[in-house]
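Scroll down for the structure; my scribbles are underneath it.
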Amino acid sequence: MGSFAYFPHTGEDIRSMLDRCGVNSLDDLYSDVPADFIYKDEYDLDPAMSEQEVREYFEALGRKNVALTVFAGAGAYDHYAPAVIPAITSRSEFLTAYTPYQCEISQGTLRYIFEFQSMICALTGLDVANASMYDGATSAAEAMRLCIASTRAKDTVLVSSTLLPSVLAVVRTYAKWGGIKLVGIPEKDGQTDIGALALLLGSNAVAGAILPQVNRYGIVENHMGAADALHASGALLVEYCDPSVLAVVKTPAEWGADVACGDGQSLGIPLCYGGPYVGFMACRTEHMRKMPGRIVGQTVDGAGRRCYVLTLQAREQHIRREKATSNICSNQSLMALWVTVYLSLMGPQGMKRVNDLCFERSHYLKDSLMSTGLFEDPFPKATFVKEFALKPLVPVESLQQKLLDNGFFGALSDENSYVTFAATEKRTVAQIDALVDVVKSMKA
Amino acid sequence: MSKVLEGIRYSESHEWVKAEGNIAYIGVSDFAQSELGDITYVDVPGEGEIVTKGVEFGALESVKTAADLVSPVSGKIIEANGSVIDAPELINQDAYSAWIVKVEMSDPSEIDTLLTPEEYGNIAK
Amino acid sequence: MRYYDKLVFELGKSGRVAFSLPEAKTGAVIPAELRRSSSPALPELSEVDVVRHYTNLSQMNFGVDTGFYPLGSCTMKYNPKINEEIASMPQWQGIHPLQPDSTVKGVREVYGKMERCLSAITGMARFTFLPCAGAHGELTGLMLMRAYHESRGDSARIKVIVPDSAHGTNPASAAVCGLQIVVVKSRPDGRVDVDDLKPLLGPDVAGIMMTNPNTLGLFERDIKQIAQLVHDCGGLLYYDGANMNPLVGVVRPGDMGFDIMHLNLHKTFSTPHGGGGPGSGPVGVCEKLADLLPSARTSAYNGNFSVILKAYAYILMLGRENVRMAGRLATLNANYIKESLKDVFKLPVEGVCKHEFVFDGLIDDGSSTGQNGATTLDVAKRLLDFGFHAPTIYFPMLFHQSLMIEPTETESKETLDSFIEVMHKIAMEAKNDPSILHNAPHNAPVGRPDETLAARQPVLKFTV
């Protein structure tokens, strides 16, 4: 022994420790395991690599990916992440800590979670936020469960068909096995049809509805009347949000929502092939005790100093077991820190600037694409901030391939034969022009 | 030692019942409050809710644990005690004056099936 | 560590900025009916303010890099630095989750090779990487359990058996998955009571969830018989990978008869816990369930890819030569502490443990001094004064004063010896003057918080 960097034991250590344990060999420590379960073959793993070999291996592996300029969204956006963020989140006091159960030596984690909760409340306008969840899609699934838990004897949740497909897929999975009925709300002009929603409330079974504040086409939806209709039949309004865009558009609270959820990825988290991201959830105070996940609260210590603890834990699985509001037992804490640092850096002015730039770039992109004559605009009156849908007049697959061949990722297609493009503040006019040139080359 | 009050009845799940005609005041025993520790939240349905003997109808929460409230009688809740909901510590201070819900019993004879103070004293230790 | 009082909202000044972005020309034009009425109440700081604030916060935190972290059931092993370097390489950071496979061949290779590595270590046939944490893996695994029965037209299996000693996530995940929970009792030694199990089995049982070694760190010796009984009744066996660490390189869950399992890459495969996440909870299944894996769509894209990368880097470092020692050394470390402290702490179950074990409080808690005796909470808090993280306390609930210790394989004999010495010192303090423990910690940034106040009058966000 002693030849592996992560195992500190010398041969002498092992011998003296075995003596203390009163056994002769390491295998004797497994004397309670039936002998035929002890794996005797060579493990089918590669030989150990040195650290240098590991680094070179991954560098080579990374080169097998094609670097693309991202003009795609669909719930994952290429926003700029300031250099401060990784410098903070890589601090090992944050990185290598466990859940802050021992609050006396976890005030750092607890305090930034409290700040995260406060910022989510500021963005959504709602009263209470939790310490974060796995991702946006699971936060929507948990919001669906909250609707059922917060209303009595109701078993149905309405879901807008303009929610992101990736979110709908996860919500459907949770609903299927959780015994919750889902009913789709149709779309009209690229937005949730609020009139149709009201008609679906006829039966008394509806516990809530999940509507996207920015939808799968990038459209900022108008939810006028939704909350009133839902509340009149004892159901909750859940808004699925892009928290970056929330800095400038009407908040869930302003729409009268009871719950807001979504993915914090748009707050500067790298795309990283889909994770880790961070889900969030906020609600009105009356639903606080039905909320899933950890919550940090403020209190004082014996000397009267302000400090923070995990609180309202009687909702959670380690206390309530099968009666818990959710099975979630962790949060995406480090990603919540990422978002908290991002919002601290951006402030209200930075968040406005990001949205202004996204708006300018995406509108410039859309106008330029329309001017090629190769698209129709299915939703000309819609408001969008960074993502939009077009109907291509060229074959979708060749459009997508052409873009890939030229180093662009965009024109995500859906079953309605629309394609979506997104342009964040990171996309330059030169990049946009280059993409449009590629599209233009498809004329003829 | 936790206190067992005379003149009222108890359930095995540590609720007490004080009957006045067909009205039952329901709370939790001194033993229950001491086992829970500082109670932080009382979760009970409001007026009009139907409760059934032996069936859970609410919960008490403390910092590190939670306990279901199981109705010792059947009937309809006619009042939840607002002062206890606002200040759950009242249960810790005096479990027998801090009633939690008032129930109009559908079958007042159910009271006779509950534990006497003496019987309850034997299990609440 | 020192106390630092500020919240980010209390710093800064209106008009200050910490971002650097180009000026906008026209800005966003949002119609009034869709516009937010006022800008969000976010702080306004300069960059250095932000950096100092979060650096100060970090200094009130204890991590694995700070010191020994013997938190039972959490497997707080060392988090290698090369993992972090690999995960932060720009080749991965900018990849959109919906990019076609032809453009992400390196990424797909990571998934493919990781699946083979995990299969080799666990004996399962296939894995899904969608779950973001252990509990998320449990839920995904239980969905697969139900999907399996459903695929055979067997819709009657709506119950799942869970040991009374199981982690709270087991029954909670089962409930979210729409299963009814049936509790099987543990024997006094903490192992599943096979006699109690037998009558619970029947045509309505979807399966059983087990942790092996169990929450007392004891190997479930009867697993072969349990597997036989459950399979005979048509049920499946779910393996909760929370306690996989002592079995790495020694025993494979697939060989014990488990059909579905999850792994916690953030425990067993060395990725950092990040103050509560992100983790990764891949779910493995045996061959007969492999085709069902795509049906368990439980997260939006491809799971927590960068966590998977880190774990893969760790496995490459470990290699076939070192894998055999991982579990064995974790088990050695746990037994060494157990044997060295059982003279002052109550050991409810004698014999070899696996990666962790549970004490039931102090043998002499000092109550003979006329003061209140020192509790497990007191011991835990006193440990903080000596630069150690506390063990897991009051779990499992089989004992009143549970103190659950898991050292992991990455700790040296010297580290364990200094922990043992401090635990003896604390035991001596408890015996002579337990008040020293009641008031602990004495050297942490804050003292014990008023948790009752926090729960009775919740303050959950900053308000001016």
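Structural remarks
Note that the chains are named A, B and C in the order they appear, and that numbering of residues resets to 1 at the start of each chain.
By our rule, a contact is a pair of C-beta atoms (placed from the backbone, for glycine too) under 8 Å apart; a residue touches a chain by one contact, two chains touch by 3 or more.
What you see is a predicted model; the values in this text were computed from it and never measured.
Remark: among chain pairs A-C and B-C, A-C carries the greater number of C-beta contacts. Across the assembly, the mean Cα position most removed from that of chain C is the one of B.
For this pair, chain A with chain B, the centres built from the Cα atoms lie 43 Å apart. Taking each chain's centre as the average of its CA atoms, chain A and chain C sit 20 Å apart.
Note on chain placement: the centre of chain B and the centre of chain C lie 37 Å apart, centres being C-alpha means.
Contacts with at least two other chains are made by residues 40-41, 61-64 of chain B. Annotation for chain A: residues touching 2 or more other chains are 313-314, 319-320, 323. Among all residues of chain C, those that touch two or more other chains are 451, 455. On the chain B side of its complex with chain C, the touching residues are 38, 40-41, 61-64, 88-89. Here chain A touches chain B in the complex through residues 289, 313-314, 319-320, 323, going by the rule given at the top. Contacts from chain C toward chain B in the complex involve residues 394, 451-452, 455-456.
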